Amino acid sequence: MNVELSQEQEAFRNTTRRFLEARVPLLVVRQLYESHDGFERSWWREAAELGWTSLFGPEVGGGGISPIPTRDAVIVAEEMGRMVAPGPFLPVSVVAAALLWEGTATQRADLLPALASGDSIASWALAEPGDVWDPASFMTRAVLDGDIMVLTGTKAYVEAATTSDHFLVTARTDDGLTQALVAANADGVTVTPGRSIDMTRRFGLVTFDGTRVPTSAVLGTVAGAGPAVERQVQLAIALQCAELVGVAQRTLEFTLEYGSSRHAFGRPIVSFQALKHRIADMTVWLEGSKAVTDALAQAIDDEDPESLHLARIAKAYVGEHCPDVVDDCVQITGGIGVTWEHDIHLYNRRATLDRALYGTPEDHKEQVITWLRG
Amino acid sequence: MNVELSQEQEAFRNTTRRFLEARVPLLVVRQLYESHDGFERSWWREAAELGWTSLFGPEVGGGGISPIPTRDAVIVAEEMGRMVAPGPFLPVSVVAAALLWEGTATQRADLLPALASGDSIASWALAEPGDVWDPASFMTRAVLDGDIMVLTGTKAYVEAATTSDHFLVTARTDDGLTQALVAANADGVTVTPGRSIDMTRRFGLVTFDGTRVPTSAVLGTVAGAGPAVERQVQLAIALQCAELVGVAQRTLEFTLEYGSSRHAFGRPIVSFQALKHRIADMTVWLEGSKAVTDALAQAIDDEDPESLHLARIAKAYVGEHCPDVVDDCVQITGGIGVTWEHDIHLYNRRATLDRALYGTPEDHKEQVITWLRG
Amino acid sequence: MVAGLSDEMTMESVEAFRTRTRAWMASALPSVEDPPLDSHALQRLLFDNRFAGIAFPREYGGAGLTLEHQKAFFDCAADLLRQVPAGYDHLVSVGMLGPTILEHGSHEAKLRFLPALLRGDDVWIQLLSEPRGGSDMAGATTRLTRDGHVYVLNGAKMWSTGAHVADYGLCLCRSDWDVPKHRGLSTVAVPLRGTPGLTIERIRAASGEAGDFCQEFFDDVVLPTENLIGEEGTGWAVAQTLLLHERNAAGSIGYGHLGPRLSGEDPTASDGLLGPSALLAALRHRRTNGAVATKLANAYIESVVGALTSARIMAGLRVGTHRGGWGSVSKLQASVAKHECIRTSLAALGAEGVIWDGADVRLDNAGTVWLGSRGGTLAGGSNEMQRNIVSERLLGLPREPSLDRDVPFNQVLRGLPAFE
Amino acid sequence: MVAGLSDEMTMESVEAFRTRTRAWMASALPSVEDPPLDSHALQRLLFDNRFAGIAFPREYGGAGLTLEHQKAFFDCAADLLRQVPAGYDHLVSVGMLGPTILEHGSHEAKLRFLPALLRGDDVWIQLLSEPRGGSDMAGATTRLTRDGHVYVLNGAKMWSTGAHVADYGLCLCRSDWDVPKHRGLSTVAVPLRGTPGLTIERIRAASGEAGDFCQEFFDDVVLPTENLIGEEGTGWAVAQTLLLHERNAAGSIGYGHLGPRLSGEDPTASDGLLGPSALLAALRHRRTNGAVATKLANAYIESVVGALTSARIMAGLRVGTHRGGWGSVSKLQASVAKHECIRTSLAALGAEGVIWDGADVRLDNAGTVWLGSRGGTLAGGSNEMQRNIVSERLLGLPREPSLDRDVPFNQVLRGLPAFE
């Protein structure tokens, strides 16, 4: 949505869009609804070949392929929103970024190439049951036992939980947060499948029952992961907001097409001023959503300390207004918009899911209030 | 606004409306803007003759002239709103009701006839500087010294402060609230004139500097006035909501008249659907405002314990939506609506004032939340 | 509107009726604590005792009394806690279709259709909306053609609630394409069970569930000419009567009655997944912050004010300060409030509202309810149509410039149907 | 649009211009820390050094360069912290009226008007809106009649900002009543100081204050025919050009420039009685509850997002992803946000915002600001007009059915003027 894309970015966007349109059109998305995982691993490897999973890596010790990986990643996220596409792009990107930002050379070399090729899938085990996204309230513990880190607790809303090979686990130690990379098949890890209202996004509970990993699996320092977690959340929100922009923009587009061809009282329904004025307001919200998402992506790439507040503002704004665009488009579409046949519910599902993940707009607004109160 | 008025009530409404239209048309309201007090005492005596000030009294020991005084009083309040009329109807009504509900036979005989005739004016000294309406935060103290009650503190936003002969003062004692009637010219009472954005409503600070009154001036029991204060607040809110309904209803009426005669693009401006739909929403808000105000007035008359919550709900709803009706009518009226010449600002002033007095809608919403949280 | 006055010159007083009703109810009508009778059996019991269609004439199976008597009947039932018809099917069949047939049908049509309807043998529904039509009901394009001694029906209807379990549908269709749109319509009774050429499909909702909404396809459906209700070309007047009774029914002031289940609700009472009581529970949840609490308070306040508004408008309709169209104010308020209530649940529940444990699809979550929540702001006349009614009919503001009012219907732009 | 290219075949490069400008500014232009020059003196200083009207042709008093040069000039000034014209009068006169005259005026008119305008001797304003007209600017009824060698002007204009202190107004008026409305308009330059038959009144605002808005009455005002800008009947095209430059000016991308005072604002910086910083203070107030805090947070979030939106649209206009009309999106967002901000102050301040000590009228309170707050959602094109522009011109949705487009203007329903 950046207005000043480089030629490389334009090409990347076009490739991404053509790939999604060809390989996962909405009919395929509907078929994937019936599937257990919501996406095909072979398809994910093809997506990886386009570069989706290489933005935050994988050169050992290097700075990633892209100098502005977040601004590149939001391009993919927006296109995925436009097609309500399947696939673990968000969790894989966050884990790759965490490795890039915090990982040792060994950790990067161990995992980034496999993520980049699409052979491995990793997901972030952050939140906990009861819609708990605030690390200060986490119950999952990481306890040091000599050279071993022992993890105990349950993580919820873990994306692609049943298809992930690795989890980045965020846990509490006595004096701070600790993050560790854990193989999904490690002893003491139980993955319980879950489901969401989305057609293709699957989630699950991941329980760690005294799971033991070597300290070499700790990302960053023990008890020192707070800032890294914060930055990972900002990235997740940037990708999520970009996806919401894609969802809302595309929904508005096909709603206007539909409303231009559909007539009532001898006129196209979008010629009625009451609808036109609401559509104008939606356009304002969309432009605002694009602007704040752009600004957040840039702030993350620039390591601008403002990114903390921008992320909260972005989720508060985009997380409220983009789902509202989809919702009013359902109203404009009319009765057919609440049927299974019409595609708009696919978009409403994704928008409503994204609204909830990584904290609701209301949660983030509350954080803005706390910050403004000083 | 009650749909089932008795014949007496219909007659009372008609008399009230004709009196206001004849004696304080909007041109007079504009003239009163320049005056110190905002109304004429001689005019107030005429109003009193219509029965406005007799609803809550004045028979000694009796139950007032009307068996349903609140439902009668909201009729006057609504008509005053329609004409943005001057006069201390609200404070005089609240003091009279307090006397009727809590006063001794002597207290009633001393004051109610003079209030009823319009010879005396009384006002309620409730709130304190800094927009403090919650008695729990009051700083004004009432201390018993033998047979004497000593009052110390400052009351703010006292309506008709400079024209009142008596104040009903609500103060804290160590173990509860105490109310006392104090003559405006008593020793230790200082009235500082204030002004508001309203054309005719005047307010003031009233300071009590060790003011001594006999305990016979205490209304109800020492430290036991909490429930009475609560009921008086409910009455004030009922009158205020009725006034807001009158303000918003009349504003919508003349805005629709104006917008029907004013053309743009060859059509009356109120024929544009975007405006019509907003006007429909305003009609919903107005109907809701009327319904909840009716219900509150009835609950007060019936001594229904629900009146406590209804008052909060009423102020939260009416205090938000009726000013919003006026605000959107300004937008519909267009540029002329923000000029001195057009009458709509008279209504905007009254609506905005009423929004703030006796707690904002947001304050009352917060009380609803506290109550619902249980 | 036809009251019972034509039947009997000396009608039973409401008070006498009330006394008689109480006595009968006490002995013969099951209490709400008894096992519930099914709706047909209950309607039959009333019919056999002349308590069905209380304000319908006796010759068509009714009790020949008035709506005041009917109100007394339901008041008694509420008072004595007796079972009365309370379902949506009853509301539509007895409350909306019955009085429409009574007003527009010929004497023969009334004799043929009304007794079976009041007895509960035939359940009627409306066939008004079309895939193409949306809010523009008068733009119907279902085609009714006279062919000798029969009519032939072709086209499709949509959003007909309960067509898959009903017996008859009153269908609005176009019989003349050469006159302006409101003048070329007719209404005809269509039998819905086993009719050749008729296909009924339940519409799959956005949630994935097959709901109560249906779509009907008419492929050379042959109907006797006696099934015409009203005259050819008067279909719009018939439909308007139907819509008036729909609004009256929604206001509990018409021939139908929703019974205690849906009236006089305590807004804090239990009311399903996402009603005010669920919101209260969320409000007491430990993580409810200020922004969510404000939304919840708004939802609660709207629920209280909405109930008071409906009650006041009903009183106003009774005493004459309000006209029928004011039902649109209540409908609009309730639809907006309900939608906001569900929207608020998303804020209150966060991830808990959209993700659940287990690999199976579930429908009992806030997110899935949200997907269908616009049904409430569309069905029974969209918010936009209610706003048109309020502004144009109640307030008298100018109508939208109409591009299809005075031209022959076959020249009107009609665009695409919904499913194409 | 006319650039400076016609003047010089070999134009100074932007970089060379930048170097020259920096050198001149450093020595000759006062710093923002120096005592401020009045706007006329500042404009004169620029003009005398060929820095006024940088993208205007040299023969009309400009520098004969391009808007890129102009941007470089203002960038340098921001960089070196120099005083530049920053007032609304400059924006209107040099940024909107100047380029409109440049585009539509005859060579003689340009020679006559532009040098004095660029020198700052003549301040120009627009005379577009009328008491009767509201948003329907093309429905102007101010009458321009040819009388031999002069024009005679009759009628009234309204909402002309600063007419009481300006020198010329470009007036949109009707010269032909027998053609459809857009085709019967002309624009004419009206001298505003001491003109016989012209009365200028400042409009008293709802607050009671005499504001900058004015109303002008024309009673047989005689004007030389040379004052016509454009041809007779082309007035609507001239007005459209003016409005385009108004939008461009609002987006800081046109011939005028608002200077650093209004651009690049830190949303948390001090900004008067009711801006975000006042809201922050209120948020830290002890009694701010959840409902108020949420409103304040919304206002703050809108202020941040609004600034980012404007910046992004400006970038989009530069690189071509956005067109001129997108200024309406920013205008709409900012107008709505500002109005909500003031509304929020009422919630935050309660009685403190509407009642004050002392017996005198005061204007520095939230309630009084609120009375005028709709000015911002009306002036410069109402929210409704912006929504029309966004939906019709940006998104291409169908226009409103027009009842006055193709009929002679003297047959169009015009209703009452505002003051009657």
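In this document, chain identifiers A, B, C and D correspond to the written order of the chains, with residue numbering beginning at 1 in each.
To be clear about the criterion, contacts are C-beta pairs under 8 Å (C-beta built on N, C-alpha and C of every residue); 3 or more make two chains touch, one makes a residue touch a chain.
For clarity, every value in this text was computed on a predicted model and none was experimentally measured.
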For the interfaces B-D and B-C, which has the higher count of C-beta pairs in contact? B-D
Counting only C-alpha atoms to place each centre, which chain is farthest from subunit D? C
Chain centre separation in whole Å, for subunit B relative to subunit A (CA means): 53
Per the centroid of Cα atoms for each chain, what is the distance between subunit B and subunit C, given in Å? 43
What are the residues of subunit A that contact at least two other chains? 267-268, 272-274, 276-277, 365-366, 369
Interface hub residues of subunit C, defined as touching at least two other chains: 289-291, 293-294, 297, 384, 387, 400-401, 403
Flag every residue of subunit B that touches subunit C in the complex, lowest number first. 3-4, 256, 260, 267-268, 270-271, 273, 276-277, 279-281, 283-284, 287-288, 290-292, 294-295, 313, 316-317, 365-366, 368-369, 372-374
In the complex of these two chains, what residues of subunit A are touching subunit C? 36, 127, 130-133, 156-157, 192-198, 203, 205, 261-269, 272, 274-275, 327, 330-331, 334-342, 344-345, 348-349, 352-353, 355-357, 359-363, 365-366, 369
Subunit A partner contacts - residues on subunit C that touch it in the complex: 129, 131-136, 139, 158-159, 203-208, 213, 287, 289-292, 295, 343, 346-347, 349-362, 365, 367-368, 370-372, 374-375, 377-379, 382-384, 387, 400, 402-404, 407, 412-416, 418-419
Touching residues (chain side subunit C, partner subunit B) in the complex: 280, 283-284, 293-294, 296-298, 300-301, 304-306, 308-309, 311-313, 315-316, 319, 321-322, 326, 329, 332-333, 336, 384, 386-388, 390-392, 394-395, 397-401
Subunit D partner contacts - residues on subunit C that touch it in the complex: 289-291, 293-294, 297, 401, 403
